[in-house]
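Shared between the two complexes below is chain A, which pairs with chain B and chain C, respectively.
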Partner chain A sequence: MSLDSTVLAGRHLRLMSRRPASIMGAVILPLLFALLFFTVFGKVMDRAGIDYIFYLLPAIIIQATFFTAMSSAQLAAEDVTGGTLRRLRVMPIRRTAPVFGLLWAEVTRAALSIGALVPASVALGFRFRGGLLASAGFILASLAFAAVLCTCFIAMGLTLRRVEAVQGASNLIYFPALLLSNAFAPAWAFPSWLRPVVEHQPVSRVADAIRALADTDVGLTRPLLIATTWLAGLLVVGLGFATRAIGRAA
Partner chain B sequence: MTIAVPPPARASLLHDTMVMTGRTLLVTLRYPTALFIAVVFPVLLLLLMTASFGTIVLPGQGYRAFVNFGLPLFAVMGVLFSTLGTGATTTIDLQAGFDTRLRTMPVSAAAPLLGRIAADSLRNLMTLVLVVAVGIVMGFRFNTGPASIIGFFVLPLVFALGVVSLVLAAAVRATSAESLTSGLNAGFLLISFLSTGMVSLADLPGWAQPIARGNPVSLLAEAMRVLAHGGPLTRPLLGTLAWAVGLIAVFGPLAVAGYRKRRAARQ
Partner chain C sequence: MSSVMVEANDLMKTFGTVRALDGLSLRIEQGTIFGLLGPNGAGKTTAINVFTTLERPDAGQVRVAGYDVTRDAAQVRGVIGVTGQFAALDDNLTGLENLVLFGRLMKLGRQQAKARARELLERFDLVEAGARRTKTYSGGMRRRLDLAASLTREPTVLFLDEPTTGLDPHSRIALWDMVRELRDNGITVLLTTQYLAEADELADRIAVIDHGRVVAEGTAGELKQRAGGSVCHITLPDNATRERVARELADLGEVTVLPDGVSLPAAGPETLVAVVRRLDEATATTLSDVDIEDIGLRRPTLEDVFLRLTGQGAHPETAEVAT
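Here is the complex of A and B:
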């Protein structure tokens, strides 16, 4: 983390704190979704044998991470169209500092979401079933997912540039990626022809790993290995596209 | 010698409203987010919520049963969240001085607001038809007569008039489109979820049941279910109409008063 990135991260955090939609998306909407999903589906999930608040917290963390990633794509696009990137390019800073600055700010924002969601879920009945180390791993894995997802979305924002196009693309990724995963409902509930997709897609694999870290007496190696592989792959793709796009945009 | 003087341009309420309706529809069609919420969002909800929660909410009954149960709510959510776009574009127009500019032209004073409301209704009808079309492919069926089927489409449009009154009353007072939509978004999420649209009343926790019972979204979704599949109609129908009339009576005048003030103040 270079000083340039830190300064630019500070700029983004200040910009975010002045946007009502950003605060809504980081803290209030995730809390609202946690409460609403738990209220509406708690009983039917209980009937299906699922402790829903335990199942739900990773889903809401992943959803909040998507909100954060979608905001990062939009901010990246605004920095291209608004000329901020060009302006920064002529200044004596690292070429990658704008990307890492934004990334650093968005991961901070994701940490804020998690910091609001975990205590609220505990109030609704969530408990970490594993040890201290696994629970710390739960938070770290969530933040790692945030870093990777934001990298990919920043790359998308820098590539598509037009804010409207970025919003459209974000929504088209967000709904299927989240709702065709085992985040909110278990894979067995889906139609059999959809199940293979639901089980193997990256959001489900990350949810598996995060859930395993909150649970006790479950194998950790397999879910962690699969999730790490997915995240590493996505990170490489995201960084590749981001580097390519920043060369063109500036 | 006589000079042919063209008659002074005169405002015509009907014509001007139609022009404004067309203009608002064009704005919606060219604003990708608004189009997404009106067209893609409710269809995605129907598809994805059915695939994920269908057999959990109605165990042993199959996905088709959930499509018939849940479709009204997802259609109503498309309508509800689309009015946010009407509100946002109104706030943007007012900030840009578009409506003040219209004031200097021979345009009927009521046309700008009426046109926006008419465009809102047309877009809502499009959303309803689309969701039902996709629903029919997924197994949604009407088991009632033509009058009930017409009612199925008209009732949400009537309710939406109440919602758009509320949204416009807020939009003419909002300082930015973003603060308007993020505030209303949370409220619309609350009434969409805390309803009997996705699960039955008995499956909600005790504290949420009275809210869900009186919630206009529950009443509307139940009335639409009855209009599609039959059952006792009086309570949900009258309840929905009472909410619609109440919202229009309270927020209609507030929207008009706020609009006049805002347009005159030119900001």
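Here is the complex of A and C:
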């Protein structure tokens, strides 16, 4: 992490702190969702034999990560259309510093949402069952997912440039990726022809890994390996597109 | 002792089918203001992009402060300042925070960056505004802050891309003064503009560019001489009557048909008197159907310079925008 990206991360964090919507999206909205889902579905799921808050927290973290990523795409596009990127590119800084600066700021924001969601869920009955190391892994895996998702969304923002196009594309990714996953409902609740997609898509795989890290009696190796492979692959793709886009974003 | 701070030789740049630069060459002496004058789409912005390392030329070389823009891009970025047409500042940061940010990116320490920012706010008359977010700034204040931002580390060469487009006359004159002061401190300035008046006021030398190459270069005085001094301009809304009016006035001077009327070189007020007299007679007879909107003397404009130099009209408002 270079000094330039640190300075640029500071810029984004300061700008975020002055946009009420960015705190809403990262902290208040996810808390609200957690509370709503818990009150509405908690009893039904309990009757179905699911410890709902245990199931819900990873879902809400993933959803909050999507909110953060969607905003990162928008901020990236604004930096292109507003001329900031152009200006940064004629300064003696690393070419990729604007991407990493925004990424660090967004991961910080994701950490903020996790920092708000975990204690709130504990208050609603959530417990880490897997010991200290696995619990740290839970946080780390959530942050890794945030870093990768934001990289991909920043790449998308830099490529599409137009803010409305970015918003459209964000929704087009967010709804199917989240709703056709096992984040909010278990895969067996989907029609059988959809089940393979739901089970194997990356969001579900990440949810599997995060849930395994909070749980006690499941094998960790397989879900972690699959999730890590997905995340590494997406990171390479995201970084590739972001670097390519930043070269043309003058 | 003077040395060349920007030297471009035979630059070529094509975007798809648009030839943005077509053999552009120029030399800018140290400590001078050089004006790049041309209509939209003439290649001004592409030239700036190449000079400031944003774009690679297809062919040709550019040296800025002795560094080659393609081979030594990083060194070039270290010695230039760039101010764009759109003043890329963060609306939700204060003036001071914006300047500190650029100072930090130019590798000044935290304290140094702050001290430099304060110094610049003072120099650009923004001390009070420095604590306010820039979204509250007027157009003139934004441009001043933008200029200050490109000076966080005193550049050797400063590029100003249409620095006063959209500014009111008062702010424009204030900005001109600041640019002159920078030149007097030894900074080499390359400025692009569509306004002849701006190049006239500010630039020590002017290059007129069109279709991606320099069509004339000289001091403002030299260029105006080539444009032929004042002109008498007759505004005719109806396009069909322009040729007839031009024929009627043919013996008074070399009449040029323009998109909005006709014009001819004027020696002085007597040309205007002669034209009015002639048209007065003619509208009573052969030109009775002609609707004359306005007649007047005016100083040569960018359009006149272009007409003389290239034999074709330059229409800043209607020219296609090529990157």
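In this section, the second predicted complex is superposed on the first by the 250 of 250 C-alpha atoms of A that agree within 3 Å, B and C clash if a C-alpha of one lies under 4 Å from a C-alpha of the other, contacts with A are read in each partner's own complex, and residues count from 1 in each chain.
We adopt the following convention: a residue touches a chain if its C-beta (ideal position, glycine included) is under 8 Å from a C-beta of that chain, and two chains touch if they have at least 3 such contacts.
Given the structure is predicted, the values throughout are model-derived calculations rather than measurements.
Contacts of A:219 after superposition: neither chain B nor chain C is touched.
Legend: residue contacts after superposition of the two complexes on their common chain; A:14 is shown touching chain C, with no touch to chain B. Applying the stated contact rule after C-alpha superposition, one finds that A:88 touches chain C and leaves chain B untouched. By the touch criterion defined above, A:36 lies against chain B but remains apart from chain C after alignment on the C-alpha atoms of chain A. With both structures placed on the common chain, the touch criterion links A:168 to chain B but leaves chain C unconnected.
Shared-chain residue A:190: touches chain B; no touch with chain C.
In the overlay built on the shared chain, the residue A:49 is in contact with neither chain B nor chain C. Judged by the touch definition given at the top, the superposed model places A:4 against chain C, while chain B stays out of reach.
Of the two partners chain B and chain C, more residues of chain A are touched by B. On chain A, the surface patch touched by chain B in one complex and by chain C in the other comprises residues 19. On the side of chain B, the complex with chain A involves touching residues 31-33, 36, 40-41, 44, 48-49, 51-57, 59, 63, 176, 178-179, 181-183, 185-186, 189-190, 193-194, 198-199, 203-205, 208. Here chain A touches chain C in the complex through residues 3-4, 7-8, 11, 14-15, 18-19, 82-84, 86-93, 250, going by the rule given at the top. Within the complex formed with chain A, the chain C residues making contact are 49, 52-55, 74, 77-78, 80, 82, 84, 86-88, 90, 92-93, 97, 101-102, 104-107. Residues 19-21, 24-25, 28-29, 32-33, 36-37, 39-45, 47-48, 164-165, 167-168, 171-172, 175-176, 179-180, 184-185, 189-191, 194 of chain A touch chain B in their complex.
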